[in-house]
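Shared between the two complexes below is subunit A, which has subunit B as its partner in the first and subunit C in the second.
Now for the complex of A and B:
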């Protein structure tokens, strides 16, 4: 067990190092210079413009040679300093991210977990009920094939524009100061619902179809027929089928996390939701190296942690892995 | 234990989901009637947007393109205001100011000015602020190319000595553009902090105080002790101003239609079809009919004069005749903008347009004439009918505008189609803003549209942008096309040294510049971008319009000091709160 996890940890460590290095390098390959863009918006007279550029390059450390910038990036990272944002001029990247992170987590965690849970449940039910199968299957295909932002636009149009029962944009009512009060929480929930729903529905469709197919496959497997021949009750057979069907779904969850994060980014842009997605979008538009680095760092860490959790869960739910690690044979 | 056994799980989740939907739906419905927090009563709060694209994070007026909406105008104040609509300077912090000799300007402050921390605002603050300009990185550093000294005469009088004939136009521009800063707070700051700092919890002298901000909003609260209440007899109508940061046109439009915005200074495509109660929406604009908006700046086609064939004035003039501006005004803007005068002078500067010159050298869309001009100048044409260089190489001009500027993105496609009819091939493309800036400033482009120069007190600001010399390796501010004409540049400087009251002198210098401009065509004026302003009249009425009072109706940076601060005193709550 220990060697299994230490092997995993080394893999995660390496992945982290490579991913963070790429994360550092990619924004710098974008055409254009962030300081030049910042200065261009100021429309300064010629002399001032050069002098101000020099000031900002110094403030952001962009006057250093590139290897030096890379080293100071790691030094900063180790000290928990992600640098200053260019898009939100003068704010530390960590505080910009800290403001946006709760919104994104609040969307992602429930959307991923509920979508996965509900999708698997409904998929499993569909596999054994004809009527349900006839409705869930087409609906599932439709949902999972829908691009996140398209479903988001559709939901925004129906609920925000036509029915006007939910707000179209933002994370809470504009101008309402955040407080731990019912009106504010209500406003948060109202603004949260549509982006959540669009992420949830797409995920739900995919999981439901996957689960239905795997269950049908498992019910046709030799062990299921053998149990049936022994006269075991249907309930028992289904229980075994479900257990086996869960394994690929758990692996799938680990793989899907990256895609859902990407989906959340576009969904947030559609709803002008003040999470990391909107922030990534603006960081790219403003070539904000530091903010982009910071956000992707969080995404990298998040995806790695999620994968690690899935690895652990896998050990717990799959006796073969567990026994294999303890030196036994399946 | 089996996951399968927890059968009630799904039913539970389902019940929660249904309950949530029900709850949110009813909550949403009730929120329609009272969408706002009690903290800022709706009838006393003005909701604005269209200036702030990202989170407000900066209250430093030195960071000119980035400070939070209202930092200059609501918080920090200028010595004068200038209203471009009637060409009037109004003393603001200053009581008066004038040239007391040919090289000395004497400024008198109003008595009883105060900072919001209770300290008096005196001549020492003015001297400190102007002195800061001696540092190269301060945005108004240019005043020190012609200023010699600034002296405090007494607590309300400042004397400014000029090196020689003052640059009157530039100086007048400074007087209403840059605000006076509190010396007692700023003098202990490092230069880096002054240039790039965020200036949190700012202390100003203006009609509003910083109250709060978050990622999407900036909240100002009326300053009950503002000096102007007594001295100017002005009372700001909204107790709170909530400026909403937003970069999406459709979000701004929906907020405006739902009465969650009172003043939208966003570009809202299709707004013409909603103005004047059409569809039941209480939306109005400055003009009740086309063009609906005032003009804020000229969109210019900047050509790279270092490249063939754009280095040929004949080709440039032919290109001007190939610009299908009427089609852009019609199909792209639906008539909310106006096509530009051939000189590019804004409507507020129409008195400076030399009409005789425009008659002889002006241009309008005429593809066959453009084609003819190129033919008679000796340009060859390929088998596809497209113009080639005189030596027979194909010409394909790339025209760039920033990604996401949707009106311009559509506009340049229309321009490309129109130019093709004249036989000029233009390929539109949309690099990201920063990438465009890099290409433009380094001279690595063919054609780019630019509207950096806003409406101001003087056409000088347009001409220095057009003809500014010297040409540097990186042109970060003006003359992106790298037009090198020392005669024109000395005329621009001559215009700068013409007193603002000497209209005849200004006209004569400008006529000479327009002669050069129209014959050499270093840039092509296209259309006037609108001073986008859409009002929802549900909560606030008496907005600026052609039939009420003449004030610029926007809180964009630089506009409160062009008079929109008056708008805040003139609007009226519909329901007394």
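Now for the complex of A and C:
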């Protein structure tokens, strides 16, 4: 058991290192230069731009050789310093991210978990009711094949533009000061609902279809037929089938987390939701190396943690992995 | 008579029509009798066995009656069959190696199964431990997952579990086909032991391996293309078969002391007919060396000697 987890940890460590290196390199491979964007927004006397550029390059450490930049990036990271944002002038990257992170987490965590839970429940029900199956299956295929941002646009159009019952954009009513009061929370929830719904629905469709198919497979497994021959009630057989069908779904969850994060970024842009997604968008537009690095760092950590949790859960629920780890016979 | 089957018809539904897998089979099994049921693949022997406990998916009960201990089994109505399963009729399935839920410990699986059948596990588990020891399994397998056991161990566990409630009739479906020869013998002997100790009253052992049946069965029934060909005591079937199909089956078995590089092992030419619209008359006619005009009619089952039934015009 211990060697299994230490092996896993080494894998996660290596993944982290490689992912963070790529995270550092990618913004620097983009065309353009953050300082140029910054200067373009200033009104400088002619001839001064060269001196200002040199000054800013020095401030942000961009005049140093590339290997030096890479090393100081890691040193900063170890000390918890992600650098200064160029786009939000004068703010450290960590505080810019800290403002956006709750919005993204509040969107992602419920959307992933509820979508997964509800999809599995409904899929399992569909596997044994013909009527439900005939509706859930096509609806599920339609939903899961829908790109996140397209569904987001559709929802925004229907509820925000045609019906006008939910706000179209933003994280809360514009100009309303954040406070722990009911009107503000209500406004938060209203703005949260559509982006959440678009993420939830796409995930829900995929899980429902997956679960339906696995359950049908499990109900045809030998152990199900044996229990039936011994007169076990359908309730017991379905309970076993459901539990066994959950195992591939847990693995699927681990694999899907990365995709959902990407989907959330696009969804946030559609709804101008003030989470990490909108931040990424602006950071790219402004070639803000440090902000972009910082955001992707958080995404990398988030995805790795989520995967690790799923790994642990899987070991807890599937005896076969546990026995494999103890060197047992299979 | 513990089991009486009368004119049983069971069909398989397929897209191209009904496959008449069991087409009018009648037989009886006495208390304490082990009946072997043999025949080629697709002759309906497994369908017959399974229909006595649980019709699966596409199987359809058409006609006939089944009586167990004087009570008629509602084999055509799955819901009404439930109370009889496990308690009066039980099954050791063909797939015994994968019959146990892989994610439940064997003890827990047993407990949950017993509870679902309203049997108090505490009353039965000590007996289960005793029986596990009888088949050379230690009681700590109850605390293990099926994947921790070898194929033979799983098979024996299923044997014990299936017979735990002392059913009147046990159907053992091809239980030796996946085992090596020495294990086959041990499993076959355990079946006899279970009968001797009264764990099961009577038994139907389905197999295509006549040599196993000769060792353990009291009587043997040979099926061909959904119908009974011959039924007699095991000795009679092996030593003095009357049906040409049985004769050819026996002749195709290897014998000790005969060198088969000198004389080729005899087989049966041709293939069994499709049961999706089987030929009229005797179904073995096409492959039979002694067929004549009369075989265009279905041969009646006649008792050529006490307890020796043959369905062949030539046998009379």
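Annotations for the structure displayed:
In this text, the second predicted complex is superposed on the first by the 324 of 330 C-alpha atoms of A that agree within 3 Å, B and C clash if a C-alpha of one lies under 4 Å from a C-alpha of the other, contacts with A are read in each partner's own complex, and residues count from 1 in each chain.
Everything below uses one rule, namely that a residue touches a chain if its C-beta (ideal position, glycine included) is under 8 Å from a C-beta of that chain, and two chains touch if they have at least 3 such contacts.
Just so it is clear, the model here is predicted, and its values are computed rather than measured.
Bringing the complexes onto one copy of subunit A puts subunit B beside subunit C with no clash. For subunit A, the partner that touches more of its residues is B, with subunit B and subunit C as the two candidates. Once chain A of one complex is fitted onto chain A of the other, the partner contacts of A:39 are limited to subunit B, with no touch recorded for subunit C.
Of the two partner chains, subunit C is the only one that A:232 touches; subunit B does not reach it.
Within the superposed three-chain model, A:169 lies in touch with subunit B and out of touch with subunit C [touch as defined at top]. Once chain A of one complex is fitted onto chain A of the other, the partner contacts of A:287 are limited to subunit B, with no touch recorded for subunit C. When both complexes are overlaid on chain A, the residue A:318 reaches subunit C alone and has no touch with subunit B.
After overlaying the two complexes on the shared chain, residue contacts for A:243 are found with subunit B and with subunit C alike.
After overlaying the two complexes on the shared chain, residue contacts for A:94 are found with neither subunit B nor subunit C. Of the two partner chains placed by the overlay, neither subunit B nor subunit C lies in contact with A:213. The gap separating subunit B from subunit C in the superposed three-chain model is 11 Å, by closest C-alpha atoms. Common to the subunit B and subunit C contact sets on subunit A are residues 243.
Residue ranges of subunit B in contact with subunit A, taken from their complex: 2-5, 9-10, 13-14, 20-21, 23-25, 27-29, 31-32, 35-40, 45, 47, 54-55, 57-58, 60, 63-66, 135-142, 192, 195-198, 212, 214-217, 219, 242, 244, 246-248, 251, 254-255, 258, 260, 403-404, 431-438, 441, 452-453, 468, 472, 476-478.
Within the complex formed with subunit B, the subunit A residues making contact are 30-34, 36-56, 58-59, 85, 87-91, 96, 99-100, 114, 117-118, 121-122, 125, 160-161, 164-171, 173-178, 183-184, 186-187, 189-190, 193, 238-239, 242-243, 246, 272, 274, 282, 284-287.
Within the complex formed with subunit A, the subunit C residues making contact are 50, 53-54, 56, 81-87, 90-91, 93, 95, 98-105, 112-113, 116-117, 145, 147-148, 150, 158, 161-162.
Taken in their complex, subunit A has these residues touching subunit C: 221-223, 225-233, 235-236, 240, 243-244, 247, 318-320, 323, 328-330.
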